[in-house]
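Just below sit the structures, each encoded as structure tokens.
After this come two complexes, each holding chain A, first together with chain B and then together with chain C.
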Partner chain A sequence: MVPLVILVALPFNGLNGFLLDLLYFTFTYAAMSVGWNIIGGYTGYISLANLGFFGLGSYVAGLMLTHLGWPILLTSPLVGLLCALVAAAVGWVALRTRGPSFVIVTLAFTFIVQFLALNLKDITGGSAGLYLPLLSLDPLLRGDLFYYYMLGVLVLSIAVAIGIRRSRFGLGLIAIREDEGKAEGSGINTSLFKIVAFMISAWFAAVAGAVHAQYLNYIDPDLAFELIIMLNMIVMTLLGSRGTVWGPVLGAFLLFPLQSYLVYWLPSTIAGEVHLALLGVVLVLVARFMPNGLLVTAQELISRRPPPRLETVAVASGEPAQGRVRRNG
Partner chain B sequence: MLLIQGLVLGILVGGMYALMASGLTLIFGVMRLINIAHAAVIIFASYLSWQLFIGLGVDPLLSIVILVVVFFIAGALLQKFVLSALIDKDLSLALLATLGVANVLEGSEGAFWTSSFHSINTGYAARTYQFGEIFVPEIRIITFAASVILLAGLYVLLTHSNLGRAIRATTQNRGVAQLVGVNVNRITMIAFGIGIAVAAAAGPLMGMYYPFYPNSHWGWIGKLMAIVVLGGLGSFRGTLLAALILGIAEQVAILYIPANWAAMVFFVFLFAVLIVRPQGFFGHVARESL
Partner chain C sequence: MANQLVEGVTPIDEATSRSLHVRGVDKSFGGVRALQGCTFDVTARKITALIGPNGSGKTTAFNCISGFYVPDKGSVMLGDRNISGWTPSRIVHQRVARTFQITRVFKRMSVLENMVVPVRRTGLKAMFWDGIQGNERDRAEKLLEFVGLLRFIDDHAGTLSFGQQKLLELAAALMAEPQIMLLDEPSGGLNPIMIDRLAGYIRELNALGVTFLIVEHNMGFVMRLADDVVVLHHGSVISQGRPAEVRADPAVLEAYLGN
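The block that comes next holds the complex of A and B.
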């Protein structure tokens, strides 16, 4: 609660434009990572479609604005809903069966959406992109508006993540991750659970994409489907601790400012490439050496101090389930 | 006549697709892992072959020999020190590690060779042969022949050697293979190395055929995944057949629709297969619990 109060109060204390932008991006990534975590962390299905939903959200919102004049900051929940329906269709193909088809289909989905954005030139403007009408706002106020908007989306995403974690639905998702066969045997409609988790995940990516289109006032197939966005969602979640409520948030707040600094510091000719390679290195290292992420690893280190037998008893009886998950596998 | 032209070009390009995809299906077979970095490895080998050709004058076809050895070792080391620890614990972590590797390769290529187009132009093989009304560029015949030779070598290795038998046994049933005395961990490491080496062998051929740039591997991995799903994940013969089918389908489609839309042929097949027959033509793997 205290961090939230601080974040709400910050812009009143003369936060400069640079920091305001930095936090806006951090909120965006944090909200998308929390969303990714619902399918990738809770349910244990690696989705590469969230980038596709980010881009799809950008385009759907942008087209609604240019053709119908509907302001993006009002339509973004609706855009998210439309994309979630698309997610239901994709999920129907990929999630009916277990196994590796999900990652393949989600990657293919992202390619297809990007391909359509690039090649349906009459609608999307192709590689020239789509220019959106500017928001007629004082620049200072504009920064504040995006800041609070994404802060709101982030708070909503965390609330949803907590709600799922404490519900039977959330327990079902975790059961699917731990042993899908047994989950199905115990009466969980695994296909439905997986598809709903995927839809919620897509909603947050699409809303973030929609808001980002308005933030840039411009959409093109490269910006809307930038690979580093997908990589960031995954690395942030994994570094923070996937399957926990706060892990993705922690990951985003650590990694995004660090990356901004890095890109600022690197020579501009190779900044993007080195950034991508380093993020890949971080992904491999975290997967190999700290797959449980910072939050769970830290909790384990802290709870290791008392004798192990007492610790297990204490955990089983006292602590609520929030933020504490079984190690994978 | 136009259709026969498409058929011929489809078979020629399909041979190369088969080489590109066979490592992916081999790796899936022994590890149940989708190697997202597979096309990135191919492109990386294309860059190295380009560098060897420009810098030292090494013929791209000759560079295959060097690349195969280097990439086999690199692949085996990656499997031993990173992936093997992950596949037992959580397959999705191994998958994410390969995603990380793909981005490391892509980023390094951009940093070293810029993000502009490259292609390997040897100077020879620029002719186009004409058979009746059918035109066949010489480069396509060379890459097809090289692909067929390499695939034949891989096929003999898999079917007629003890190593190949051990790899196939591990693919079919890891537990039973171990029971009959196969050192499955060692075999998995070698098989992953072979898969990466086959990808590296495809690199110079791909680079002679198509221009490449650091993030072009994303387009390729989509195509390769469509091939291995159609062929049935883990099935070598299925992958060969699927590569030919999709090569032909693509080349025929190019004759009738704009070339960039022809890439969608792969995804149409991918979704059709997953909806109708998730196990592909030959495989039995996509359906079982992993």
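The block that comes next holds the complex of A and C.
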């Protein structure tokens, strides 16, 4: 609760534009990572379709704005719902596969959506992209608006993740990850559970994509389907701890500011490459030394801490106690 | 002993008990015919054992009944309802639960979480209901007490011994309030004391109206526990009847011992 109060109060204390943007992006990645964790962490299905839903959310929201005049910040939940319905259809097919096959099918979905965005020129503008009307807002308030909007989405994503983890549905997802056949034999409708998890995950990616389209006032197939967005989501979740509520949040809050400061401080000629290399290095280090991520590794280290020192102590009467007594400290 | 109440298990009304009928089931894997016209009955409220030499098709029959395999031919009837081709979860919702030959518990989940995973109810409310509170937790605790695992309730299931994992699998299956329990080699790998305990649990549950179909290699366990015995050989039933009758059947002796 305290970190939330601090985050809510920050813009009132003269947060500069760079930090405001940095935190907006961090919230966006954290919310998307929490969403990805529902299918990739709880359920154990590594989805690359979330990038497709991010881009799809951008385009659907952008088209609603340009054709119908519906403001993105109001329609983004609806955009998320539409993309979740698409996820239900995609998941109905894709979730019949597992492991590497599922990864490939979901990547194919992302490429198909990108391909459509690129080639349906009359609708999407093709490679030239889609320019969105600017928000009629004081530029100073604009940053605050996006900051609070994505903070709200992040809080919602965490609340949903906590609710799922506590529910029978969440237990079912974890059971699917542990042993899908056994889960099905325990009465869990694994197909339904996986599709619902995929839909929830897609909702957060699509909402983030929609808001991001308005943030940039522009969408094109390269920006909306940039592979680095998907890589960030996955690496942040793995770094923090996959399958936990707070792991993806921790990963995003560590990795995104680190990347941003690197890009900020390094010469522009090498910043892009170093930033990408950093992701690769983090991925390798996590896989090699911390496959369970920071949170779970820390929990394991704490639980493996040697027990308190055992020593003989005198009882009140002054006689030595029988045997050894555990003493705290 | 026979009428002792097992806390957490509601006695099954005789009027609602249903028998299982396996009718002419065929199942092949490539060129291997695992089941050929397999036909037998599992009478409601009785303990039926399914035995046979290795490779005779026992586990395949089990998987066809529990929905893990779809029969190529024939049917599996639960009462008067044909359940062949149904998904395993749908069959569990018909109150038919199973355990596995190689014990399968969710090792990285706690014992309590393992208990509350099995579901009988469906729908959004059941899906998003907190599974570890109230009635479900009470039932889980009672059933864990029944199999002597209550003290491990918060431990990871993977830390339990093999025998304890078998008991956990049994207790977790009971959470789905089964009328029929399919146990695949329940005594496999257990020591004699644990086998006696297991036999006691099965008798107590049977006394409450739970029907059992047990695949088993341990003939001593089968003969003292089962009301009926079905013998499979090369995917077909070669004998069915009371344990003493089956034991004396020459076809059974030939299947097990050869000519």
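Rule of thumb we're sticking to: the second predicted complex is superposed on the first by the 300 of 329 C-alpha atoms of A that agree within 3 Å, B and C clash if a C-alpha of one lies under 4 Å from a C-alpha of the other, contacts with A are read in each partner's own complex, and residues count from 1 in each chain.
Everything below uses one rule, namely that a contact is a pair of C-beta atoms (placed from the backbone, for glycine too) under 8 Å apart; a residue touches a chain by one contact, two chains touch by 3 or more.
All values derive from a computational prediction rather than experimental measurement.
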{"item": "Superposition on chain A - do chain B and chain C clash or fit", "value": "fit"}
{"item": "Touching partner for A:V284 - first (chain B), second (chain C), both, neither", "value": "first"}
{"item": "First, second, both or neither for A:I46, with chain B first and chain C second", "value": "first"}
{"item": "Contacts of A:G17 with chain B and chain C, given as first, second, both or neither", "value": "neither"}
{"item": "More chain A residues in contact - chain B or chain C", "value": "B"}
{"item": "Touching partner for A:V93 - first (chain B), second (chain C), both, neither", "value": "first"}
{"item": "Which superposed partner A:I174 touches (first chain B, second chain C, both, neither)", "value": "second"}
{"item": "First, second, both or neither for A:G152, with chain B first and chain C second", "value": "neither"}
{"item": "Which superposed partner A:I104 touches (first chain B, second chain C, both, neither)", "value": "first"}
{"item": "Minimum C-alpha separation between chain B and chain C after superposing on chain A, in Å", "value": "11"}
{"item": "Doubly contacted residues of chain A, that is, touched by chain B and again by chain C", "value": "181"}
{"item": "Residues of chain B defined as touching chain A within the complex", "value": "28, 32, 34, 36, 82, 85-86, 88-90, 92-97, 99-111, 115, 214-215, 218-219, 221-222, 225-226, 229, 233, 260-261, 263-264, 267, 270-271, 274-275, 278, 285-290"}
{"item": "Partner chain B, residues of chain A touching it in the complex", "value": "40, 44-46, 48, 93-94, 97-101, 103-105, 107-108, 111-112, 115, 119, 180-181, 227, 231, 234, 238, 270, 272-284, 287-288, 291, 328-329"}
{"item": "Complex contacts: residues of chain C adjacent to chain A", "value": "66, 68, 87-90, 92-93, 97-98, 100, 104-109, 113, 116-120, 122, 126-132, 172-173, 176"}
{"item": "Contacting residues of chain A [partner chain C, same complex]", "value": "163, 166-169, 171-172, 174-175, 178-179, 181-191, 193, 196"}
